[in-house]
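One chain, subunit A, links the two complexes that follow: it is found with subunit B in the first and with subunit C in the second.
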Partner chain A sequence: MPNDLADKIFLSIIEEPIPIQSVRKRIHLAKTWLTNLFYSEGKSKEENGEYVDEIDTNWLKNIQATREEEKDSVWAAITKTNFSEIFEVLEKKVREVNPLVLFIPILLPTNEVENLVRKVRADMGRPVLLDIRLDPDLIGGAAIAWNGIYKDYSLRQKIKDNHETILASFQKYIR
Partner chain B sequence: MLSVLILSPTIYLVNEGKRCYCFFNARALLSSETRKQSVFLGIASMPELYSAIIALEVTSLVVVLILYMLEYRKDRRLQEEKEIPVFKELQEKNANALHEAMTRSHDIVAQAETESLKVIADAKTINRKQEEQIATELASLRAELEKTVNDQTSAALTDFQKYLETLRTKSSDAQVNVENLAKDRVNEFIEKFEQHLSDFLVHTQQESLSAIELELKSARNLIDTYKEKQIRIVNENILAMLERTISLVLSRKLTLKDQTDLIYESLEKAKVEKFMG
Partner chain C sequence: MPIQQPNQTIQEIGIVKSVRGFLVFIEGLPTIKVNDLVESNGAFGVVTALLDNLVSVFMLQEISVKPGQVFKRANQTLTIQVGDFLLGRTIDPLGASIDGKKILTQKGTASTLEKPAPPISSRQFIKDQFITGISLIDMLVPIGKGQRELVMGDARSGKTSFLTDLIINQKDTGIICIYASIGKAITDVRKLIDILDANKAFTHTIVVAAASSDPPPLIFLAPKTAFAIAQHFQKLGRDVLVILDDIGNHAKIYREISLLQERAPGRESYPGDIFYQHAHLLEIAGNFNETEGGGSITALPVIEFNMTDFTSFIPTNLMSMTDGHLLFTSTLHNQGMRPAIDISLSVTRVGLQTQYRIQNAIAGKIKSTLIRAAQLESISRFSTELPQETQLLLHEKELIEELIVQEAFMFYTPEAQVMAFALIFTSFLKDKDKYFVRLYKNQLLTAFMKDPRFKDFPELIHTGKNEQELIDKLEGLSHVLTEICTPGAKQG
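And now, the complex of A and B:
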């Protein structure tokens, strides 16, 4: 039962077009909230300096409302007894998931990230988790690591692929 | 009873009962001593012979005196014991015997002196003859020896001169032969040396050329390697500079839309390659 409940919670989290970093953050936010709820009588402790953007805050408020209003929701099914086991399963799922790693040269805004996640999921036809990492050396474009294979589609790789042509054009000016 | 006492080879004492006689054998002395000396020495020394004779006479006189003293003492003792007539008779007999003995001893001595003088004269004569004979023989021998030595010396000188001439001829021939042989050897050595030197020079030249070629090849390879390495470094630097330049320029020039478009373009390319399938 706790496993089924954990699966449903995990699916509800990754249903939204967010990267795996946001998934970890939301699980952590939910765990902190429920811990405060069950063991500190609703008094929230101060966050440990972790940045929480507006979207995540809204998501947290949303699931808090859902737990209050919809008694048959997955969030309402979490009790003091199954709380620990459910979150152990959730954290394990996040650790064991196989994300598609996308290297990009700049930080993208949240809406662009969501668009990117939608695009990848649409192209792959499944709710794959995206692990977005920053690599400024790429200059432009992106590099992808999937199932242990890395492929570079960036401008840096294009320069390397065409280095002979580029050098030949440079060598015209060397003489 | 007759008893004979031999005092020496030349003196004999004869005792006959109550009387004693002394005899001298001077002949035996001369025959045994002087003659031997005269024979073996050739020229014997006469003073020795005289000394022997004088010693003989002195000895005989001493013996006679001793005998006389003995008889005298005996006569006195007999005179005391026996009768004076008998003693006188015996004294006369003794005196006669003594007189006879002295006479005979004088005769013997005289005869010995005569014989010794004769022997000495004979020895001198013999010695003189022998000396003359030896001198003659020596002169003859010397003459013969001188002649033989002169002849042999002349022959040896002649042979030696011939031998020297032969040696001189052989030496000159040998010198010529040696000179010719040495010339041949030297010429042969020089030819071989020239040939070896030529071969060595050619070989050395070839080795030097090979070594130079190898060195050149190695140097060219090094230069080519260095050149390629430097070109590769330059190219890498060019690419790095280009990347850096593009990165710096494009990071400022590319807009968010441009970056997003490039990311989507990369995703499209991955999709086309079915990398994310």
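And now, the complex of A and C:
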């Protein structure tokens, strides 16, 4: 049943309003924690704090607590024997997932990202995963790519579309 | 390569899933086709295969591609701009100038690199000789316009100098020469360009160069680009010569690409379709009728190999898909033979039909003399007194061998060549030795081309039925020949 268990773990991870980058990070965190647990006699090494933010650390603490306290939880069902297979399936799932790619010109704070994910999921009516990428060339607005089709709703595109009008209006100020 | 990015809000993109050297696997690009171009950060790749959920792309530039990188569809297939502006230029397989001269911005005709060869209905019989100006080739192993002749041999056998001469000799014939340098050192290409330039032969030549340091997919495209350019000129009714130097490198590059794609290796680790790749290229050559624009494409693929490994996979493949081959050997080259072609092992399958009747007959006599003399030569080593007939035959062989040696940058018209070879069978050279021929052959050949006393000969060679007519006519001009071969004699 490692496949079913992996499905459940995957759903529990993507349930939260996080982008695909965070999903990958959380799977990696969980894998590191469980590897230490099973193969380093519980003496887990300190995680590198550089790339683990507070939200992810809290999430990790949460699942560690769940494993301890709720014996029927999915995290408690992971054992030394099924661990490797479960994470293989999980990593494959992440590789194969088809995210909605959102290009934005600036880095957004975590709560804004969460709001964005919630909004997209509500609009699309399904737990779609968001791949948020930074593209400063957009200037403003955003561009979306889904199934290989890229739609540009950015300020850059607006300027391109209206460049003649914009240039004409600038001409008025040239003496 | 200038790419016009569409000014639209919707376009196709793909995201890199994995990278293996210059091979990139991309997810997305829903309506992309094979040979379409994709672009990321100014670097281009060409789509080579459509897999289940992925698109396989070969990068045409040396850039580092990482998983997650976004590629855009360039809305263009693999094409280059072709036109007269390419003459005298050196370009890479994507059509960008690499000769340090002005950047090529001219808009010519867009020509796709991958298109099917013209059908049989648009081809015609090869009837015109491709004049190389080199006696040995034009007389004994003639090439027709539209023929595919493999140039093969071992290292340092004079292949490149022969090819250079060939291009230089086309400067007054109106033939356009396209030299595709496939995976060679860029210094070799530079040397070739300098020689062509010094001999004023670069104005009718286009060099397509992909150096050994270029990405393998780019090297792989070099012969395709050469043929795309050749097809453009051929459709305008021009005769084109395409030299692929060397096709063995092309095979090795294709093997590298295929192994990287995890395609099953076959004989000598080459992929199963290596024969198709080369045949597909070479079948573009030919002589075309008016429906296809007239003109012809003569192809000379070159392959270098070790003479001990004569029957290896790629050379035998190429031998089977060409209309003959010229075999160069370093042994002959070291003996002073120029060009160092082994006549007995060289073949031409369509060239003979392009020769004039008398030219063909004289060539037949020469070959027959060489074969008979070769048989008697070994016997003659054991005997001091030989019959007069045998002595004459061996003497003729000696003179022929001297006559076919041609120094670099020399051009002789086919008529002059025929007259020179016919001279072997006249009484004029009966009592002359090879040193006499060595000393006066250039004077004789120049006189045959320019001296008004020989002005009737070309007509006789073109229309004559019997070689004896020519030999007899030359006999009648013995006094003129003697005059030409006098030290310090003035010509014409």
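Methods note: the second predicted complex is superposed on the first by the 165 of 175 C-alpha atoms of A that agree within 3 Å, B and C clash if a C-alpha of one lies under 4 Å from a C-alpha of the other, contacts with A are read in each partner's own complex, and residues count from 1 in each chain.
Here is the rule we use: a residue touches a chain if its C-beta (ideal position, glycine included) is under 8 Å from a C-beta of that chain, and two chains touch if they have at least 3 such contacts.
Please read all numbers here as calculations on a predicted model, not as lab measurements.
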Answer with clash or fit: subunit B and subunit C placed together on subunit A by superposition. fit
Please indicate which partner A:Arg133 is in contact with in the superposed arrangement: first for subunit B, second for subunit C, both, or neither. second
With both structures placed on chain A, which of the two partners, subunit B or subunit C, ends up touching more residues of subunit A? B
Quick check on the superposed pair: does A:Phe83 touch subunit B, subunit C, both, or neither? Answer first, second, both or neither. neither
Taking the C-alpha centre of subunit A as the vertex, compute the angle to the C-alpha centres of subunit B and subunit C, in steps of 10 degrees. 10
Can A:Ile104 be said to touch subunit B (first), subunit C (second), both, or neither? first
Touching partner for A:Phe38 - first (subunit B), second (subunit C), both, neither: neither
Which superposed partner A:Gly148 touches (first subunit B, second subunit C, both, neither): second
Output check: A:Lys160 vs subunit B and subunit C. Expected answer is one of first, second, both, neither. What do you get? both
With both complexes placed on chain A, how many Å separate the closest C-alpha atoms of subunit B and subunit C? 10
Contacts of subunit A common to subunit B and subunit C in the A-superposed view 149, 151, 153, 160
Give the list of subunit B residues in touch with subunit A in this complex. 235, 238-239, 242-243, 246-247, 250-251, 254, 256, 258-260, 262-267, 269-271, 273, 275-277
Could you pull out which subunit A residues touch subunit B in their complex? 100, 102, 104-106, 108-109, 112, 116, 119-120, 123-124, 136-137, 139-144, 146, 149, 151, 153-156, 159-160, 163, 166-167, 170
Would you tell me which residues of subunit C are touching subunit A in their complex? 7, 9-15, 17, 27-30, 70, 72
Subunit C-facing residues of subunit A, complex: 95, 98, 101, 131, 133, 145, 147-153, 157, 160-161
